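Order of writing sets the chain letters: A, B, C and D. Residues in each chain are counted from 1.
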Amino acid sequence: MYLLQLFNGLSISSILLLVALGLAITFGLMKVINMAHGELIMIGAYSTYLTQNIFKAYLPASMFDWYFVLAIPASFAIAFVVGLILEMSLIRFLYGRPLDSLLATWGVGLVLQQLARSIFGAPNVAVTSPSWLDGGLMIMDGTLLPYKRLFIIALVIACLVAMYFYIYRSHEGRRMRAVMQNRDMAACLGVSTRRVDAMTFAIGSGIAGIAGCALTLMGSIGPSLGTYYIVDAFMVVVLGGVGKLVGTVLGAMGIGMFNTLFEYWTNASLGKVLVFVCIVAFLQWKPMGFVAMRSRSLD
Amino acid sequence: MKKRLFYQLGLLLVAFALVLAGCGGNNNEPASTNGEASKVTDAPAEDGIKVGILHSQSGTMAISEVSVIDAEMMAIDEINAAGGVLGKKIIPVLEDGASDWPTFAEKARKLISEDKVATVFGGWTSASRKAMKPVFEELNGLLWYPVQYEGLEASPNIFYTGATTNQQIVPSVTWLLENRGKKFYLLGSDYVFPRTANLIIKEQLKAEGGELVGEEYTPLGHTDYATIISKIKEAKPDVVYNTLNGDSNVAFFKQLKDAGITSKDITTLSVSVAEEEIRGIGVDVLEGHLAAWNYYQTTDTPTNKTFVENYKKKYGDERVTADPIEAGYTAVYLWAAAVEKAGSTDVAKVKEAAKDLEWDAPEGKVKIDGETQHIYKTVRIGEVQSDGQFKELWNSGEAVKPDPYLKGYDWAASIQPTE
Amino acid sequence: MLQQKWTPQRIWLLVGYAAAAAALFSAPMFASDFRLNLLAKFLAFAIVALGLDLIWGYTGILSLGHGIFFGLGAYAMAMYLKLEASGGMPPDFMGWSGLKELPYFWKPFENFGFAVAMGILIPSVLALVLGYVTFRNRIKGVYFTILTQALVIITTTLLVGQQAFTGGTNGITGYSTILGASLGSADTKRVLYWITAAVLIAVFILCRYIVGSRFGKVLRAIRDGENRVRFIGYNPAIYQMVIFTISAAIAGIAGMLFVLHVGIISPSMLGIVPSIEMVLWVAIGGRGTLIGAALGAIAMNWAKSEFSTAYPEGWLFFMGGLFVIVVVFMPKGIAGLIGQIKFRKKRKEEDHEGIRNPAV
Amino acid sequence: MKESVILQCDDVTVEFDGFKAIQGMNLKLEKGELRFLIGPNGAGKTTMLDVICGKVRPSSGKVTFDGKVDITRKKEHQIAELGIGRKFQAPSIFPSMTVHENLEIAMRQKRTVFATMFAKLGDDERSRIDYQLGMIGLRSKASWRAGGLSHGEKQWLEIGMMLLQEPEILLLDEPVAGMTDKETDKTGELLHEIAQLRSIVVVEHDMEFVRNFASRVTVMHEGKLLKEGSMDEVQGDDRVAEVYLGKRRDADVSRSTA
């Protein structure tokens, strides 16, 4: 049973991580408090819903199971484009004003939610998960590890690896880090900061889209989907230490594991309270999160 | 110095304008702001009867409530097409409760005291009803509340057209004990309806020989049920009695299926999952699970046939009807019938006329109970089929008399309100 | 203001304030009962906005947890009202939650004075404790903001979960009288409105005093450069703690008034959404100006009320869009906009005087 | 002579994530002394000031103020209250407040919440501020927003704020950076004037300024004390010439961070 709890904890951590990864970029690297992140997740989920409907309508039933393979890049792409538009029309005015970005993007979130309500209707929509993700891996004494949860763990790892290579190994990534660390200097060296900003934000949004796609396997798809995850996602990033991928992973693991433990020992409501109390206490102890960066500047 | 002062003066001017706009503007010409209220209201206001429709059109509860608005509007249109009430057209005034309880109270107050509506159809959550109740009692308005709820209430200014506990929960528990097993696991969202419902169920289980093997509440908006499902597995219940709210149902049922538990392994009976919710959860995960309601789209009555047809014709073929939708629709007709009988929209007269009023609703014959202002309803237990519709497994035969305080049940003596 | 001279402008300003106060107090004469009730609610919101402006506009701390302080004040008053309605018996929701006895911590709330004191004290003490630990640990900016959100989650989950003691999601509603006077009667409502207006004016004067004092200058210095303040010899943590506590107390007072006018308090009023909305009132009105904050609260709520009536389906587009535009393109809000117009006009006249600070 | 030592740093070591910015630095400052701290970029000069004013905690070593108070465990505001004032490299004034307000809150006074809440600007305080305004030449701009001042004026304002603070020791990090020659000379004279009453430590890159105004100079290199003495002694030292004076100075372009 403890094995299963461990797995559950891992699974919750992976979902949290997936939800927070995009935020780790937009908030962690760019210092934009994007409250519309949840709505970008929602966009990813609705993209999956649309992909499913297109498959249902235009392709033979035998092909249906493969819609999900296409849905992941589709969600990424759509959320990417929305993120790009958002950055170019709005976010670029907000660099260096993190608290203002919080308020403005909250307004954006409201609009996107209502937009979803107008387009898709207020009720939830259903996404049928592909049959190859049904069932699970049976390991001893009837403990079943659902394929969907395993799939999400794998997806997170894939995203992490891709992000790692993009940020730390690619040419584009190097520019991105340069801009995030010293905008003026990067600009002096001929890096187009406008372009890099837009790309970075869009990639963060795209990853939120992937998260939305994955979440269709686990939960509801409706206009308010994003609101369920947004606060948790911020907690993950802050707990981990802003600006560090490793920190985000640790943050997600910490919250996921403790959540499962507390929920198992007490109940869901109390478990949630305890987790948040722990976060508050932890931040008192280490205000900069698990992985902190020191600086010598005055502020 | 000068600039500062001019600047403050400017602000003060704006303040003035606002205060005046906020309070003064309206009194002189009460119709003006109401005129904007809905496009329909611009029609001749004199020879119509205004009614309020107050549900959440935004926020988390919009998921459920928007369909009820549709049903109520349809009933109003039908009645108007048939000549209206007392020879006058019904004019709906729409307001958004925005899933926020104080907003419900505010809008209720506006509908009664500003728009002077004859009655209001509205509310979904218990909290929204509790928020509106004092307003209706204070201003002597009339509210028709269309959703099943936890009982223990009977306001003289509210008509309850959804089921109270003895028309849904109590009979379903009895049925489950007789047909599915004795070991119950109670799972609900952390709010008033599930907690009160489970309080009742626990007493009933004690009295009728059931066994409680677990009880769990999850915060509203909870999205991961892995831990709860392992707890359920450990407890090995025969029945999971599910009072989860809206979105949580989706996560719970999807993850229940992934954990390898089907309706054959454990029976789940839900009281908040209707046809509408099935569409959002997906038939693939819900097939075979049970629900307890008073109405299904498949309920076989002549009125229901035309009701479903008209609803689909009006709002689209893919739409479905469900219990609260039907209860909202019924509420409008019951009110109209009461007004016709009373010959007036006066609250006291309508209430008097509504006593023992009968109507052939889509769910079957319903009757208003004068004492509690609830309605007699038939209890039905249904099983989700692969087409997303319910198959009725059992019904109570005749309409059950509403008993919101469960006075007719000895075991419920301890759950009376203290006041 | 170095020398307080009776310049004509100053007199005009005082006349303006007096007229505004008079307008506030005479509103019951031309407003319908419903409108008066709405206005009273907005005035309560304006009070929170003032408190919020103290910490955000003047000290640079963004709290997304003011809903809690507002709510706790409201709950204190609601407990009193509920006990008065139930005649000291356990209120209805305790009954259907299986609680037969009135819990010990409810009992003192039968006393009106005690309830009012608690409505101020509980939020203050909570803010003091939170402020003490976080500001001492130099948690600031975004981190503080997110911490307050965590606090919101904790408080609301607890309030919802402890249904037997708090009324759960339904909150506490169904009151009858206050100090024996019926809450439903028009006279009581008018008196309550006047009390609210008076409290608003009192809080406004208090805030003006704070902002104008040297204490207020230190707060602005903290906003400009917290570390620099430290090297001058002030302990910013204490200042932040004190102003945060004052702000929370003001929110608690506003909460108590809110309950009197609205007749319900529930955990949803303490949630993240209302807390952000409160900040937005200040943002839209104009952070860093007290009148702006109060006006923002009144204007936004009035707009919300009107638009949600006029366009029940689309009002969120409008509100969301407004938030975005104001925050992004008018960081100083309505007050800033008016300031700009005035400024531009004046500038033509005194073109050569350079950039003067409007504060002196 | 012992009682005239106002500040003594013994064996101070500072580590940043394993990197030793200062290694066993000693520094003794006497009352009324004007001391210049020089050295190439990265020598640890600014960090040394940070240690004294409490911004950075040394990993080992001791800083004693006025012969009795160990200030290494005290917080910044407590150290400031004791009488150590700090001027940062980049002018750090409060930009949204007026020049007058900047001076008002910096002025030596009771700094408790209660005291500031009910403080009234008395005649005495007003004349102190007015005197200071005259000294830093900003009297005509007293009601300007400090953010609108020129760079040099900001530097002056900050010095003025420090003087109103009336500290025993002034720590100045490149006070003449960005000033015109005339302003620089004026600053130098001002420093000498102040040093009559107080002790001053100046970190400076501008060697001409150091040559013109320094009495005693401490040279740091790689976190250690390299040489201490009069300007002539320092200039004559081979090692100093090698690590510092021999190189061309380009302080205005590549500046070590504050």
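The rule is simple: contacts are C-beta pairs under 8 Å (C-beta built on N, C-alpha and C of every residue); 3 or more make two chains touch, one makes a residue touch a chain.
Note that this is a predicted model, so its numbers are computed, not measured.
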{"item": "Least hop count linking chain A to chain C through chains in contact", "value": "1"}
{"item": "Chain closest to the middle, measuring from C-alpha centroids that were averaged per chain", "value": "C"}
{"item": "Pair of chains ranked first by number of touching C-beta pairs", "value": "B-C"}
{"item": "Label of the chain whose CA centroid is most distant from the centroid of chain C", "value": "D"}
{"item": "Computed distance of Cα centres, chain D from chain A, in Å", "value": "47"}
{"item": "Approximate Å spacing (C-alpha centroids) for the pair chain B, chain C", "value": "33"}
{"item": "Between chain B and chain A, distance of the C-alpha-averaged centres to the nearest whole Å", "value": "35"}
{"item": "Whole-Å gap between the CA centroids of chain B and chain D", "value": "71"}
{"item": "Contacts with two or more other chains, residues of chain B listed in rising order", "value": "57-58, 190, 217, 219"}
{"item": "Junction residues of chain D, two or more chains touched", "value": "88, 92"}
{"item": "Shared interface positions of chain A, touching two or more other chains", "value": "114, 269, 272, 298"}
{"item": "For the chain C and chain B complex, residues of the former touching the latter", "value": "1, 7, 9-10, 12-13, 16-17, 19-20, 23-24, 27, 30-39, 41-42, 86, 89-98, 100, 157, 160-161, 163, 167-171, 173-175, 183-184, 262-264, 266, 268-269, 289, 291-292, 294-295, 298-299, 302, 305-306, 308-310, 312-313, 315-316, 334-335, 338-339, 341-343, 346, 356, 358-360"}
{"item": "Residues on chain D engaged by chain C in the complex (per definition of touch)", "value": "53, 55, 75-78, 80-81, 85-86, 88, 92-98, 100-102, 104-106, 111-113, 116-119, 121, 143-145, 148, 161, 165"}
{"item": "Residues of chain C defined as touching chain A within the complex", "value": "62, 133-134, 137-139, 141-143, 145-147, 149-151, 153-154, 157-158, 160-161, 225-228, 272, 276, 279-280, 283, 313-314, 316-317, 319-324, 327-329, 331"}
{"item": "Chain B - residues contacting chain A, complex", "value": "57-60, 62-67, 190, 216-219, 221-224, 226-228, 230-231, 234, 246-247, 249-251, 254-255, 257-260, 276-277, 279-284"}
{"item": "List of chain A residues in touch with chain B within their complex", "value": "1, 4-5, 8, 11-12, 15, 114, 117, 121-129, 134-136, 144, 146-149, 217-225, 227-229, 260, 263-264, 267-269, 272"}
